[in-house]
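After this come two complexes, each holding chain A, first together with chain B and then together with chain C.
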Partner chain A sequence: MANVAKRQFDAVIVGAGGAGMRAALQLSEAGLKTAVLSKVFPTRSHTVAAQGGISASLGNVQEDKWEWHMYDTVKGSDWLGDQDAIEFMCKTAPEAVIELEHFGMPFDRVESGRIYQRPFGGHTANFGEKPVQRACAAADRTGHALLHTLYQRNVRANTQFFVEWMALDLIRDADGDVVGVTALEMETGEVYVLHAKAVLFATGGAGRIYAASTNAFINTGDGLGMCARAGIPLEDMEFWQFHPTGVAGAGVLITEGVRGEGGILLNANGERFMERYAPTLKDLAPRDFVSRCMALEVLEGRGAGKNKDHVLLKLDHLGPEVINHRLPSIREIAIKFAGVDPIKEPIPVIPTTHYQMGGIPTNYLGEVMVPKDGNPEVRVNGFYAAGECACASVHGANRLGTNSLLDLVVFGKSAGDSMIEFIKNERPTHKPLPENAADFSLARIARLENQTGGEEVNVVREAMQKTIQLRAGVFRNSENMALGVKEIAEVAERAKRTQIKDKSKVWNTARIEALELDNLIEVAVATMIAADARKESRGAHSHDDFEKRDDENWMKHSLFFNQERRLDYKPVHTKPLTVDYIPPKERTF
Partner chain B sequence: MKMQFKLYRYNPDVDAKPYMQDIEVELEPSDKKLLDALVRLKTVDDSLSFRRSCREGVCGSDAMNINGKNGLACVTDIAGLKQPVEIRPLPGLPVIRDLIVDMTQFFKQYNSIKPYVINDTPPPSHERLQSPEDREELDGLYECILCACCSTSCPSFWWNPDKFVGPAGLLAAYRFIADTRDTATNERLDNLEDPYRLFRCHSIMNCVDVCPKHLNPTKAIGKIKELMVKRIA
Partner chain C sequence: MTYTQADKNRLRWRSRRGLLELDIVFEMFLEHDFEGLTDAELDVYQDLLMLPDIDLLELVDGKTDTTDARLAPILARLRHWQVVKQQ
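Let's look at the complex of A and B:
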């Protein structure tokens, strides 16, 4: 092996957002030598931007049951979610949220001293009968409160963070088992091999494949890119959530909690149009549904503003007290990014790419599962994934608001527990590294160093973002997606020849952005091909040429193998852990 | 629209010492915030290094010194900035490269106040109860994003970054003292009872002036000092 420094740990976690830090806590407290890598200081991970809440059927305000939460999640997923994983998440939710409270998370409170809960999109009582207050909130800063609390708890547990390290590639041995990662220390520009008994990816989403997204700059799908290059398929990548309320023009998120607190959507005529589309849940229907209704209003000429290109989110009727107390950051964001004070005026909003439902295929234990010898789900030894980068799959074709923060802590913990068991029972000593463990990463970096006649990173990245924005949007059709497949393949070729001018070692962000683009492009290609192939409409995948859901042919997860550009499929888990299967029916709200 | 900048530049790989670079950039109409302009600048010169992530003022990555005052680039409007816009790294911390500073000391101080709820009684099966009024005591304290605008604008922190906890760390200290679920107030006060750790704050209030989240560390520090006095009495 070339001259690369090696370091050894029991466990390596890539990513220090909610999922990575919840897992880290589990491993640190079990006394395992754990390294947590993050491109940014942990509290800067994108979990920090989550606003509205974390769901759990605590019933602090109104009667609630985890079975109702499960039903809503299955229905929200448009029956693409795996029902064993969904049961596990919804049943575990109350204890997971109580645990966060015990860790010190500053939830808002109700008079009884318990955690405050607000209504949210698709959250209902008694199997869809009426809205219920299930979203546990810390004002409109729930993600910030959660992420800081988990960081603080990890300080207490003496977790070892590798801050501003970027993982480059997954190391698999001849058996296909995972034995570590390669990583770049940003401050020095040095590449290391991190040898581990178990590796967890908690790298978040890749919303930056789109031109307009609520996502942070760092959300470049690094875990997905590493998997794609290591022969691990990506699941359900055609499903991207468009959040109904991104600030028009800026893309910054406005929480669904605004509508949970009583905010409403208006078209140019001042009509509360959601009453027409969803008579029961109205503005609190699930996100895929509301986003489509908004896009329809605009397409049919009822958009607001001089270009008639957005709708209005009205909340002034809630009064300054509610806005300042429950939605203070929303007011700040509206003033800063939309130039309106929501106490007086409505906020201009449009559906904006927000969340990646697909990802690295896992089960509810956080174990990465891939097809092998005719079996659709065989564990990759030593490899785990949790959070937005993983596909358990609890969100199926459309995620419910507040289920993402829940996903992080529930599966972060279960993945951590699975790793502890694996290390104890199956891999008490390190499995040897392959001879050439770092060569692939070093070759990628050398390619970038020596590239001549290539294109600038930002030019290729913009081409990718334009293609995906145009070809894989809220409404899709065959012709448009076929074009997208062709165009993204061309962009992927260009991405192989990116060139940077800055060749220095220390904190070279040009190099980091080039390496991030390598990851983004894998996600973009997977998204476009999987979307083009799915001939139905389900959840966030809305196909003009196939307007209905087709359970007979398409109630299945897609698996995209990037290296061979090959799609495969596997069945949805229809058997919950203890309760009865929830059979598909038409989704109305 | 063209915009003029005066940027602090330093790349240890090639520069013997830091220098100020005069540079201008053609902005697009969609560029509204200072961060948009810096991202645009980076397409002209890819060697310009700075931290950034959420671009909405909640992750705390892009704190820098803008025309002499600390702030977040992503929530600073381009309109209204005096040109050339002079941008420097946060003052008082070692510069690694360009606008990227070494924040080790800042986080060391934050960690030193034990930034987590301490409560040795076994937790109940439900929440540790807290009234809405008691919870309100945490407002204005827990929202800190650890951007370091405050501590790096504080002369006391510049002189004694290893001994003075600084406004961000002290705000966090009071956040836990004020939390009814935390039972370690005495221990926390002991931890701060020192000529430097707390008492180097001379209420200069630069921290309040620069905080992008409109928090008030000076007020929190005052409350800790009050508790110290009460304890002696």
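Let's look at the complex of A and C:
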């Protein structure tokens, strides 16, 4: 390791979104030397995109209880969520939100000065009886406000930020313990070893594996890729949340209200295809059903556009008055991101990925847990994960709205506390680094530098995105997914031979994008294989050949080991911490 | 300042944002406009990138405006990419 500089910290956190910064605050305030690595400036993390709010049963507007929030979350997860983790999150939610308020987060308020709460889909009182107002928000800038609040608190607490650093690989010693990460400083192009007593991944989701995604370009699943390469399995990667009508080629969402106002979906032949699939409800059939029909039209060659890869949302028959009065923002989005004026032309739309339910397997303490010697959950010493990259699992097979921001702060803090305990009681001094800890990362970079006869990164990335969109999108059947498994394996082989023209050292964005693709492809392979294997329909995984949820055979978490391309499974946690188990029911709304 | 290729690459990286809507606009801008910018324009672009994502999106969307006349030409280009066909 002669040429690689080394730096030591008590804790190293990868990712500076809501989860990473909440954990960092806990550690820094406990007096631990804490480093946070981020590819971009912390307040530009994708947490900024969360508008809806953060849920907590404060009961400020209407009576509410955490047990009701827990019920909604379990039901939303389609009984794949771990009920101990769900109880922990929902029970902790009120104090987590009040803590943010005390940190200075500018929540909307009711007249008495308490935090205002708005209604949100899926939030109910008395175990599904009626809607309840549970979502706390800071106007439509909740994520922005959360990031700024946490960043400022971290600056005050002397957290050390490494901005525009990209973590490359996890460092595990001979015992399998995590002792640090390797990372690339973009400004110099140098690789460093960051030696730590404990490491937390809070790297966000990997929505960019899909061609149609609402995720920002930075969401490349870096933490998941690093885990995959280090032998840590990825949990429940077949579960991705979709929205039916994203603008094709852009990902920006068109609200479902458009179809409520009379907008209709057409295929390339101009056929109103929903009449065929749902003769009564037509375009107003449930969200997931419409999504699947849209995908099926594309799959069967009736997609519109030169690549036949989308369908059309037609509004012009409503007339300019209705469009201008009732749907002004939709017209604006269509003009900006699709280049069409819906008064004259239909909007190209496609089911669009929004959120990753699966991730790095953790418990509710943020500890990374893997199978070992017949035990499905053994702690990886020194390794923690929180936020969208982690799978605690509170979202199970589908996430309830506004639980994502809650997940960040609850499990960010919980992981931070676990790391403090671990450092204090089990790892007061650094465990030695293995010999040549950076060699693996250096070899990856050297491979990229010296590659000849390979393909450009964006060509391979597009091939991956197209495959995942078509084969692991909303429409899933055995035949299609089997093709996907074969195709993504071929793309993964191509990804091993990516080539970059720019060999410069400093701010080499081509190199960074190639390294990001290394991470994306691991997630894409995990998603495709885990989806193909699950022979049931549950939550966001809707399988056309197995239309029912199958609790007897499939109420279990998948674990994908990338190196051996092998799937394993582990039981769902059915024992909450203090309350009774919520038994499975048919999920009707 | 005088911008080297490395400086320009730094600005390219900093055009990666937390919001997809901005990523899309900046991607078009980087592809079509960026290499033609003068050093003075790059100074302005650098300043613009310092804004928080939400404020930047409102500016690019034309929902807010700025009194800083220096920003106007670059902002006009960014706004232009909001209204051209993306397909």
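Points to keep in mind about this one:
Here is the rule we go by: the second predicted complex is superposed on the first by the 482 of 589 C-alpha atoms of A that agree within 3 Å, B and C clash if a C-alpha of one lies under 4 Å from a C-alpha of the other, contacts with A are read in each partner's own complex, and residues count from 1 in each chain.
Definition applied: a contact is a pair of C-beta atoms (placed from the backbone, for glycine too) under 8 Å apart; a residue touches a chain by one contact, two chains touch by 3 or more.
Values in this document were obtained by computation on a predicted structure and should not be read as measured data.
By the touch criterion defined above, A:Lys372 reaches neither chain B nor chain C.
Contact with chain B, but none with chain C, is seen for A:Ser112 once the two complexes are overlaid on the shared chain. Note on chain A: of its two partners chain C and chain B, the one contacting more of its residues is B.
After overlaying the two complexes on the shared chain, residue contacts for A:Val48 are found with chain B and with chain C alike.
Of the two partner chains placed by the overlay, only chain C lies in contact with A:Ala248; chain B stays clear of it. Look at A:Val40: by the touch rule set out above, it reaches both chain B and chain C.
Contact with both chain B and chain C is seen for A:Glu187 once the two complexes are overlaid on the shared chain. In the superposed pair of complexes, A:Gly305 makes contact with chain C only, with no contact to chain B. Shared-chain residue A:Lys486: touches no atom of chain B or chain C.
In the superposition on chain A, contact is made by A:Val506 with both chain B and chain C.
Overlaid on A, the two complexes show chain B and chain C touching the same residues of chain A, namely 40-41, 43-46, 48-49, 141, 144, 148, 187, 216-218, 249-250, 252, 336-337, 504, 506-509. Contact residues of chain A toward chain B in the complex are 40-41, 43-46, 48-49, 98, 101-104, 106-115, 138, 141, 144-145, 148, 152-153, 155-156, 187, 216-218, 249-250, 252-253, 329, 332-333, 336-337, 456-458, 500-502, 504-510.
Against chain A, the residues of chain C that register as touching in their complex are 5-7, 9-10, 12-14, 16-24, 27, 52-54, 61, 82-87.
Looking at the complex, you find that chain A touches chain C at residues 39-41, 43-49, 141, 144, 148, 164, 186-187, 213-218, 248-252, 305, 335-340, 348, 504, 506-509, 512. Taken together, the chain B residues at the contact with chain A in this complex read 11-14, 30, 32, 42-43, 46-47, 49-61, 75, 96-98, 100, 103, 107, 111, 114-117, 123, 125-132, 134-135, 138, 142-143, 145-146, 176, 179, 181-182.
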